[in-house]
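Got some structures for you, see below.
Shared between the two complexes below is chain A, which has chain B as its partner in the first and chain C in the second.
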Partner chain A sequence: MEATIPLRVRLAARGLDGVTLLAIPAVLLLVALFLYPFSYGLVLSFRPKDGSFFGNYGHFFSDPFLYKTIWTTLALAVPVTVLNLVAAVPVAFRVRRMRYQRLITTILVLPITLGTVLVAEGMLNYFGPQGWFIRTLSLMGLGSPSSIKLVHNYWGVFLSLVITGFPFTFLLTLSYVSGIDVALENAAATLGARAAARFWTIFLPLLAPGLAITFCLSFVQAYSVFPSAVLLGAPAGPTRVISIAAYEAAFEQYDYSLASAIAMIMGAVQLVVVVGVLMSRSLFYRGPAAGAKG
Partner chain B sequence: MTAFSASRSLTARDVGAKLWIISIWTLLIFFVINLFGIIGAVVTSSFATRWLRSWLPNGFTTNWYASAWSEFQLSDVLMTTFQVVGAVVVLSGLIGVPAAYAIARREFPGKKAMMLVFLLPLLVPPITYGIPLATVLYQTGFGGTLTGVILANLVPTVPFVILVMIPFIEQIDPRIESAARIFGAGTFRLFIYVLLPLLTPGVLAALLLVLVRTIAMFELTFLTSGPTSQTLVVALYYSVFAAGVRAVQSIDAMAVIYMSLTLIWLIIALRFVNPTQIVTRGKQARD
Partner chain C sequence: MGSHIAFQSLRLEKVGRTFGAMNALQDLTLDIKRGEFIALLGPSGCGKSTALNCIAGLLATTSGAIWLDNVRIDTLAVEDRGFGMVFQNYALFPHMTVRSNIGFGLRMRGVAKAELERRVDAAIRTVRLESQAHKLPGQLSGGQQQRVAIARAIAIDPPLVLMDEPLSNLDAKLRLEMRQEIRRIHQDLGGVTIYVTHDQDEALSLADRIVVLRDGMIRQVGTPEDLYLRPAHIDVAEFMGFRNRLSGVLEGVGTVAPMTRASAMFGETLLEGVALHALSGGSVTAAIRPDDLTPVSATSPGIEAVVEAIEYRGRDFFGSARSASGAELFFRSGAALDRGASVRLNADPGKILFYEGAGA
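What follows is the complex of A and B.
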């Protein structure tokens, strides 16, 4: 019996028809330009110049100039991400109920759209030894231009990650915060819960999954910092982050095999942190953030 | 909310709450002042005749724009930028929108895996996949060419269009399409007269976001471009990197040109989309 049903009809019953085929160009593009390069890079990373299977990875983890970049990058990315998230949550709670919400979000979206390169150029001037920021500080008697150094070191990169990272974290947090039904808070307030109690017992459990994802996305961005680490940091030493090591291997030493290995290690570290954060998320409440009644 | 707190008399708790609000505001205002300071410093410097060891420049001039234009060959760079951005916007629309339509309308085996493939380029940072991608592009001869830059930029933009469009297409009632079919519309007429008008606002928003993101996309263009295929943001990076070779005002003039280009499109985009949509990746976007 089944053989009499045309193949076309049987495929259509499983959801495969002309409309489904529309997805094929996109799938092919992503396979060719994302999955293939990634797998190619993975294979290439196991074929170093010296011929041994783990040669690149052995080289990476035995050369302090290379393996230390992992810690350098973590020492930047983790504090920045935590700071951005801790600052973003209370600000998002205030902005959520404000009339000028759109104005504030528009201002904050500026550094994200302008990008790290422009922010770096502006910061070199603004936070530089003769810049407005340090001038203002010394005017207020908080220090002298010679004693404070905010560019070409760790703090330059740190500040640039705050300038572009905080708005990113904030806007993501805001979209999660606005997703929580106001009725839940009103109910808690009616029952006598104070603001702090409402936050810790109502909002935080509801927000936890969203905050976990926000943390991961913000961390991954900070961990892959590149232009500002070169322009605002000390790329030879204190802010030699892992992406600089990968870039130098690929485009200065033309060792694509080592560069791929470093890129894979970079991806692996990000994955470990992201999986770790998302696993701990299962310790918290999971469920709808909207009220029971629609 | 305000009704509960406004009627009570002032207590220690209220003072604490006020202080809390004030400190949050201070934090936000401090951030915004510094942000405008950073942008303002670039703009001021680009018009400065000489600016050393003082609050404001000694005098103002517009000459730096002319010198930046010739020094950095900005007409070529801008041409490349427009070509890359234009091609990326058109191609990611042509590839992304039909794919989003298929995913929104059909359930088929392997759909979850497909979604994962579309989600990954948005979650993995460009510099991580950009290095293997650049390796492959250089080995196939696309590295350093305009085509290579366009191909690389499609990797995050096509999934972005797909993820923005899926919820948009899902909220269009499929019965409208069925009705058109019943009245005898073929696929082509259905697309032109029914789907296209309904999809236009969503496609417009998605493509404007792609446009803004591609102008500012540094990492992928940087890794895949050659001397003749640099976009404005990459040219800006190289000039800041080689600071000291050119006058800082000249670099700042170029930065202002880049900034204006980005901001014009951002302002246009913000007429159609919510600012939060620029960071959220389609799925989380709520308005």
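What follows is the complex of A and C.
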């Protein structure tokens, strides 16, 4: 009996039909541009110059100049991501209720289009020792160009990550904030909840899963910082982030194997943080943020 | 639920709300006594939801005042009014169980735990949701969600419960059941309920008094019986089921109390009817319920029309017909009629209401 059912029907029952073929270009692209290079790098990282299997990893975790880059990068990426998120939530709440929402959103999102190098150039001028910012501060008697330093150190990279990362964080947050039914806030208000109570008891629990995803995406972006760490930071010391270590291994020592290992470690750190944050979502309600069924 | 709510009246004094140049609500004046169930009735855009939101405090008024006894409340923030509100889409907090939804208002008031549990239990019993108390709103049916919304609003023992078309998302059978529930809960609470609806059946069956709104203004305030039998305005009449509107010319006016007897020519036909307001002559509009307009014998006066459609609704037939002047008439008939047949339609003079003017 089984054999009388045509193959086409049996495949379709398992979700394979003509439309499945449309996925082929994307699959090929993924294999060529992601899967192959990733596997190549993974294999390469286990073939160090000294011939031992874990040689690169052993080298990385025994050399403070290398393993400290993990913390240097985390020390930048985590505060930047938290700050962006904390800043994006109130702005998103305000913008949601504004009449010119699209205009304001466009203005806030503009830095995304500029690119890190352009932002870095602008910041070098604006926040530099002879820039307007420092000069204005010293005119106001709040410091002197020699006492305030906002570029070529930790703060230079920090600021540039905030500027380029905020629009992205904000856009995601806005979409989550807009997804919460306004009637919920009205209902809470009629029941006697003031603004702060409405935020903590209604909005935050409903936003938490979305904020977790926003945190992950923003964090991954910030963790892979490279151009601004070089241009605006102190790449030899305080802002020697993990991508710089990988770059130096590859293009200054020509040790592609070590560079691959560093890249794998970088990916693993990101994965640990992302998985950790996403798992914490299970502590929160994750259904639709509306007041009723459809 | 105890009826320990201590107030005597809620007064709306010329309450108004404008949006830019548009008057969404004008001069809403209403004196509501404790224990009354008031329905705000009107088509969409008539200002009934605006009125409700103004009373709730979700929308600021632009003129007038609202008083609870002698406390002015329209200047208070929403949170400080302490009214219960039931929203059209329920607006239940999706991340809280039924119990914590219902207890939310009490928690916000800092009610002690034992007292809180007792009052939440009472509210859950009132809406008969004992077995669902620990579920999330998303796991409940529409009717159950509506009960939670009502329980949440009444758990705080509000002097005033506001309901914004609470039954419009439910199916017909559930609507009828919930109507009775809402009426019962209102009587248990003993406060004032203000109920917004566009469904005249709901308003007629639930309310002690109905306020008919149109274009942001009150058209008529009265008991369901008042409105049903004596609609003061042609718009109200239409809302109360007077589907037939005929334009005619006034012929004669009598004076039989309490209504004025009058007769008017509609095309070739002279019809007798009654008027609630003085008629000054000239053009009049007659309003007749389909139920009252029936075929009459060929010798008695009536409007000649041709049957266009007819359907059986158990017991009687209801149909539509076209008069010689082109007006569409809806009528009732005890017997089946053929499409295309000629009928002569008339109603008892007491069931034909005359209004001044040609109507719209």
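In this section, the second predicted complex is superposed on the first by the 287 of 294 C-alpha atoms of A that agree within 3 Å, B and C clash if a C-alpha of one lies under 4 Å from a C-alpha of the other, contacts with A are read in each partner's own complex, and residues count from 1 in each chain.
What we mean here is this: a contact is a pair of C-beta atoms (placed from the backbone, for glycine too) under 8 Å apart; a residue touches a chain by one contact, two chains touch by 3 or more.
It should be emphasised that the depicted structure is a prediction, and the values quoted were computed from it without experimental measurement.
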Problem - Residue contacts with chain A in the superposition, chain B compared against chain C - result: B
Practice task
Scan A:Val91 for contacts with chain B and chain C and give back first, second, both or neither.
Solution key: first
Handout entry: Partner chain in contact with A:Arg194 - chain B first, chain C second, else both or neither
Key = both
Exercise for the section: State whether A:Lys49 touches chain B only (first), chain C only (second), both chains, or neither. Expected result: neither
Handout entry: Touched partner set for A:Ile202, first chain B, second chain C, both or neither
Key = second
Exercise for the section: State whether A:Met266 touches chain B only (first), chain C only (second), both chains, or neither. Expected result: first
Exercise for the section: Figure out whether A:Asn125 sits in contact with chain B (first) or chain C (second), or with both, or with neither. Expected result: first
Exercise for the section: Give one of first, second, both or neither to describe whether A:Leu184 is in contact with chain B, with chain C, with both, or with none. Expected result: second
Handout entry: Contacts on chain A seen with chain B and repeated with chain C across the two complexes
Key = 186, 189, 194
Completion exercise
Residue positions on chain B within touch of chain A in the complex are 1, 4, 13, 17, 20-21, 24-25, 27-28, 31-32, 34-35, 37-42, 45, 52-55, 95-96, 98-99, 101-103, 105-109, 111, 114, 117-118, 120-121, 123-129, 131-136, 138, 151-152, 154-155, 158-159, 162, 187, 212, 216, 218-219, 222-223, 233, 236-237, 240-241, 243, 248, 251-252, 255, 258-259, 262-263, 266, 270, 274-276, 278-280, 284-286
Fill in the blank from the handout: The chain C residues in contact with chain A across the complex are 56-58, 78-85, 87, 89-95, 104-105, 108-109, 136-138, 142, 145, 152-153, 156, 169
Problem - Interfacial residue positions of chain A with respect to chain C in the complex - result: 181, 183-184, 186-194, 197, 201-202, 205-206, 284-285, 287-293
Fill in the blank from the handout: In the complex, the residues of chain A that touch chain B are 14-23, 25-27, 29-31, 33-38, 40-42, 44, 87, 90-91, 94-95, 97, 102, 104-126, 130-133, 135, 163, 166-168, 171-172, 174-176, 178-179, 182, 185-186, 189, 194-195, 217, 220-221, 223-224, 226-227, 230-231, 243, 246-247, 250-251, 256, 259-260, 262-263, 266-267, 270
